[in-house]
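What follows is a set of structures for review.
Next come two complexes, and both contain subunit A; in the first it sits with subunit B, in the second with subunit C.
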Partner chain A sequence: MTTLDTPAPAVPVTPAARAVRAWHTLRSSRTAVIGLAVVAVHVLIALLAPLLTSYDPVANDAGQALLGPGRHHWAGTDQYGRDVLTRVLYGGRYALGVSAAATVLTIALGTVIGCTAALRGGWFDDLLGRVLDAVLSVPSILALLVVVTALGTGPAVIVLAVAVVYVPQVVRVIRGAALAVVPADYVTAARARGEGTWSILRREVLPNIVDVVCVEFAMRASWVVLLISSLSFLGFGAAPPTPDWGLMVAENRTAITVVPMASLAPIIALATLVVGLNLAADGLSKAWGVDRIRKGSR
Partner chain B sequence: MTSTVPAAPPADRATAPVVAVRALSVAYRAGGRDIPVAHEVSFEVAPGRTLALVGESGSGKSTVAATLLGHLRHGSRITGGSVTVAGSDVFALTARQLRRLRGSTVALVAQNAGHALTPTMRIGRQIAEAGGDVPVTELLDQVRLPRPAELARRYPHELSGGQQQRVAIAMAIAARPKVLVLDEPTTGLDVVTQRSVLDLVGALRDELGLAAVLVSHDLGVVAHTADEVTVLRAGRVVESAPTRRLFAAPRDPYTRRLLASVPRLDDTGLARVGEDGEREVRPRSAVPADAPVAVTARDVTIDYGTTRAVHGVSFDVRRGEVLALVGESGSGKSTLAWTLAGLRTPSGGTLTHPAGDLARPARSRPRALRSRVQLVFQNADTSLNPRRSVGDAIRHPLRLFGTAATRAEAADRARILIGDVRLDPALADRLPAQLSGGQRQRIGIARALAGRPDVLIADEITTALDVSVQADVLRLLDDLRRERDLACLFISHDLAVVRGIADRVVVLRHGVVVEEGPTEAVFAAPGHPYTRQLMAAALEPDPDARPRAGGTPDSVPGWRDAATPDDVWTDHGDGHRVRRWHPETEAPHETAAATAEETEGAA
Partner chain C sequence: MLAFLARRVSAAVGTLFLSSVLVFLAVQALPGDVAGQILGKDATPDAVAALRGRLGLDRPAWERYADWMGGALHGDFGTSLVSQRPVGGEVAAHLANSALIAGVTVLFAVTGSIVLGVIAGLYRDRWPDHLISTVSLVGMSVPEFVVATVLVLCFSIALPWFPAVVLYGPDASVGQLLPAVWLPALALAVVMAAYIVRMARTSVIDVMAGEYVTTARLKGLSSWRVVTRHALPSALLPTLHVIALNVAWLVGGVAVVENVFNYPGIGKLMLSSVQNRDLPVIQAVALVSAVVYTVCNLAADLGAMALNPKLRTRGRTR
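And now, the complex of A and B:
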């Protein structure tokens, strides 16, 4: 009946300790590790492309056009005589860069709007819900095409367009997660202290939905990569000489019977990236779910 | 409903036990080691008898009770001993036999009936699903629910908590089991409802010849209901004895301390419990007559949409004084607390503090006023952010309210505050999940103190705690109000707790004050029948407790409100006043109580 009895584990809570714990959680899921490894390899290749190949991804060489896989060109060449492997290695830069920017923007906007809707409630939430319903009822590729046709095809426009298309879905997910946190007494306590919406969001709500946000990020990234590559394929993304997977498939599909590798290679690259992102999202959500059950926290 | 429970069959009628637990040990594996949950627990229950498993949280009482149904929590296993129910060894049964056992021999009534009932299914169908040949209406009648045929067509949310618990009991007895396992059956229910549910359980046990195993942390409930008591502590049986003997002469020091920790209705202050269970009641500190008033409420009304939760409540709280708001759920006491804290706005009346107007929501109050009025929550488990260290939880308001100017000063002051609530300042680096319930509640208090408040609102702060921890937290609160001259609004449904800590009491019923006055006066001579009913329903940890002032809850006569706008109060002197009422002779209490419960369910 002493009052100073303390449970045994005296683990200090430092950011480092938190990172270590997150890492252990992550390690516990093989799916997540494999997925993240695949994504990491893609990122590394895109960054180190100039070191991995000696060919120029853009320069034409008519004499080397439409070669099959061989000693000099492992994946052959396309109709302009450019090395396919080189273009695939460089091709990740555009897709990854634009996708990362678009996903970060989408998730950031979606998280802030979703949390605010959950915290504020009332007319703000109602109005937002109806607006999002309206946006969600437009097919995403159609909405994208409209934005791109109206504003041009620069990477900035694409990032913005993707955000417009995907923010409503992210808002839905984050709002749902935040709604579970908002009735908690610690949020009420912050309200009773008279704190503003932004401060409550940052201090009380966000730390408790970080896992949902991360999973949403990984999952949304795979959708965004696909969408951006589809845009390139349709001719609205990367401009022609740029090495880009979607664009490469579009350029080389006429010659698919002559040099199938020219179309297949970018498809394989794209597919592995998307599968990697999906595995990461899946693994993370499971690892965190199990973690929550074990730790008994909400 | 009227049976006073000790209807235990005489010893010579005692038949062979229907439940026999022998040297049962349960453990779960964690980190490659076996961690024992129960260690060599043994007991027997004969038909028609009630055995209570008593202990604080973590004592393993629920784990042991669940083994009667052949249930073990995931990861746990039996490491020794046996559980025999109606002649069969529960853990030797096949899955199919076990299902039959659970369906027809042993039945469970869980803690929160509201969660145990399927919300989308009508009551009648749910009970029918439980099996057995007894017609649904007969079952509902048996658990003393009025108009069973009509009730069977309702959905769970249309019933009050007490009615839901009765339905859960009806489901449990549908298949005419031999053993009833009651896991905290009345926790979360109001005192009056609790009393009637317990009386029902006692009556059913006698009618159907059931053996009942009651799991409870509430010694009042145990004293009222059980024939025998087994006290558990950290998975071991500390003491096992017939109820009367245990309460009259507890042998183990732990049992003595446990019993002594329970607040009594006739304590005149907070009791300090010694190592060997001796009680020493500390008299309440006298509030000086000229203490300044910290909060003044005049004719406050609060609405939820179109329903009025609080009807014109007035009170004053002075510095250094504890004012208790007492009432059942739905009485508007928590609504009042939240309004004071600025989480709701009153729809009428005035609510003032010397530093400003409290009728405004927290966000539009000036910072100086916000920091002066602070709220402590009922449930410490959810009032602290699980992702932030407890030190952080205290440092933040320190900075927000400007009590500490720099980070370093905030850190220092946070450690001092943690020390002030009698905890080790080293706990500042822990996460809430690494603290015990009592420690978390202390941190909740420390956080409220960060803004140097002069008004502290304590909303049922000890309800979720074990009795010994409850006693410590109450003492802490009492110390703090002495040290810091706090005006404290103490909200509770537990009259015994209120008796120990409060200087004045306000009794609320359906948002209306029915009685108010100094604690001594109200407890010595409750003037309103509702107050008497509450007191009569409070269960004391003494099987031979004599009915208090008003007798048993059922002997309180019917009454009706007789207050008129210009004549509301009957004054008993010294600030003790009672809302005017008239005895209602023609309506017997039985139906009055039933209708009261029904209106509560409909609300």
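And now, the complex of A and C:
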């Protein structure tokens, strides 16, 4: 989940030099390093889950149901006798996989649309602004629920639904950043050379807003994780018996008086992942001087 | 300035019109025919066709949209497919219950977060700032259902002070709902406050670095007076916008929290209508949410204009 890939630069600086410079700025921010490290640990745990535990995340064992934390089950077991720690370790797979796909799609679409709006201007920009305002005015969770009800609850649908909900917000941010670049002389020069919108976007605009895009990526990822886990919690996301944090909280909540740890463990996992993403976004934006505090809407 | 006002309001109306079209189209796209839904699986094609005719489903989409919109403007949102009651009344009852939560939430979140944000900004980079910033970062990083679950664990189970679930329906009186309001409101307030704290902190830091604050200090004013009279008014301006946007976010936020507590508000109605494919209710809830969001945004813009002379003059010259 590193955000260091820089596209071909417009100015004659080799990509390698750019990457090195970005890495140095990044290292200067302790917050960003801690955040990225936390996220990296989560990714590693999700990938290596089968090596870290000997239990099966979905196999029921009625004889072991609702045990408290102990020597064999460090975080206890749930109502079906499944080891909670195992399910937490595996739980990152769904959350990270779907969130990563959804964030990449959202940012990619939002960047292209936002830059195009800034470059084209005119009626296209106006119309787009109006439509985006309208989409934004419907609560994201409701929009998400409607899309999921219409198309089913598969991971692909959820990725698509998250994109529908969050693309307008990304478009706004990226459009704002791109608008600052569009009046620059090199964009005018490129236009005068007769280059098309797409090639101006890729070669002149994008390299100059990479930092904004990266910060947006980290921040959006944290919101996507929250949204997807909320969706799972409400029963519209991951289908049982998939190990997923949001779903686990919903399942184990009923037995919260008996085994509080079964609800707390997925909560802790979820919170640390999002804290990591938020720290990364904070650190990156400070290190690169991108204004992160902005409209606090979700 | 009047022109600016008129333009802002007409833009808001335009947005609402567009979102109503979007809502209508999205709900129409939901699978499952309403007539088939009502009659069940064993209905004969003739019966379905007859009901479709009676419900007006065989007419073109734009005609049905005009019908729906015309009714909605008069407060008539149709009849719920599940409870067979008028949707308008049902939505209004749930909305009133949610307004209770929203009111308490905003009260908690705004007062608490402004105080914390200002403290963090004034003690920048010292321990109170670090503490408050860390806590607000964590608050931002946990979904509402997690905060709600932890609160239930603390204040309904460990300390049995508040009910963990609400047992009343949407028609419960304020007195019946009041004991159940605090935990959902607190859960929402924690998440909402996290954003406002950060915003308030940043703007206080910005303002305290300004020259007029230095001037006020050099005049020999006490630091209390410098903060309350000179720094706070300007610092709160950008915060106001975030608050308005967060009120709009509340509409979505309550959906999750109300379901945790089984609180009979608009969020619960939202979820159950989606589960039951109760199309008229989904449409009404979405439209009402869009209205709330748009009005909050408009209020934020107009409020910012009223408080910021610079915006006011720009509005006049344009």
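Everything that follows uses one rule, which is that the second predicted complex is superposed on the first by the 276 of 298 C-alpha atoms of A that agree within 3 Å, B and C clash if a C-alpha of one lies under 4 Å from a C-alpha of the other, contacts with A are read in each partner's own complex, and residues count from 1 in each chain.
Following the convention adopted for this analysis, a residue touches a chain if its C-beta (ideal position, glycine included) is under 8 Å from a C-beta of that chain, and two chains touch if they have at least 3 such contacts.
Keep in mind that this is a model prediction, so the values were computed, not measured.
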Handout entry: Contacts of A:Tyr186 with subunit B and subunit C, given as first, second, both or neither
Key = first
Exercise for the section: Would you sort A:Leu226 into first (subunit B), second (subunit C), both or neither based on which partner it touches? Expected result: second
Exercise for the section: Based on the superposed arrangement, let me know which partner A:Ala150 touches: subunit B (first), subunit C (second), both, or neither? Expected result: second
Exercise for the section: Check the residue A:Gly194 against both partner chains and state whether it touches subunit B (first), subunit C (second), both, or neither. Expected result: first
Exercise for the section: Please indicate which partner A:Leu234 is in contact with in the superposed arrangement: first for subunit B, second for subunit C, both, or neither. Expected result: second
Problem - Comparing the two partners subunit B and subunit C, which touches a greater set of residues in subunit A - result: C
Problem - Where subunit A meets both subunit C and subunit B, residue numbers - result: 295-298
Problem - Touching residues on subunit B, where the partner in the complex is subunit A - result: 257, 261, 273, 341-343, 362-363, 365, 367, 370, 374-375, 377-379, 382-389, 393, 396-397, 400-401, 422-424, 426-427, 429-431, 433-436, 438-439, 447, 451, 468, 472
Completion exercise
subunit C partner, complex, touching residues on subunit A are 130-131, 133-143, 145-147, 149-150, 222, 226, 229-230, 233-234, 246, 249-250, 253, 256-257, 260, 263-264, 267, 270-271, 274-275, 277-279, 282, 293, 295-298
Exercise for the section: Report the residues of subunit A in contact with subunit B in the complex, numbered from low to high. Expected result: 1, 3-7, 9-13, 184-186, 188-189, 191-196, 203-204, 207-208, 210, 295-298
Handout entry: Touch list for subunit C against partner subunit A, complex
Key = 14-16, 18-19, 21-23, 26-27, 29-31, 137-138, 140-146, 149-150, 152-153, 157, 195-196, 198-199, 202, 241-242, 245-246, 248-249, 251-253, 255-256, 259, 270-271, 274, 277, 282, 285-286, 289-290, 293-294, 297
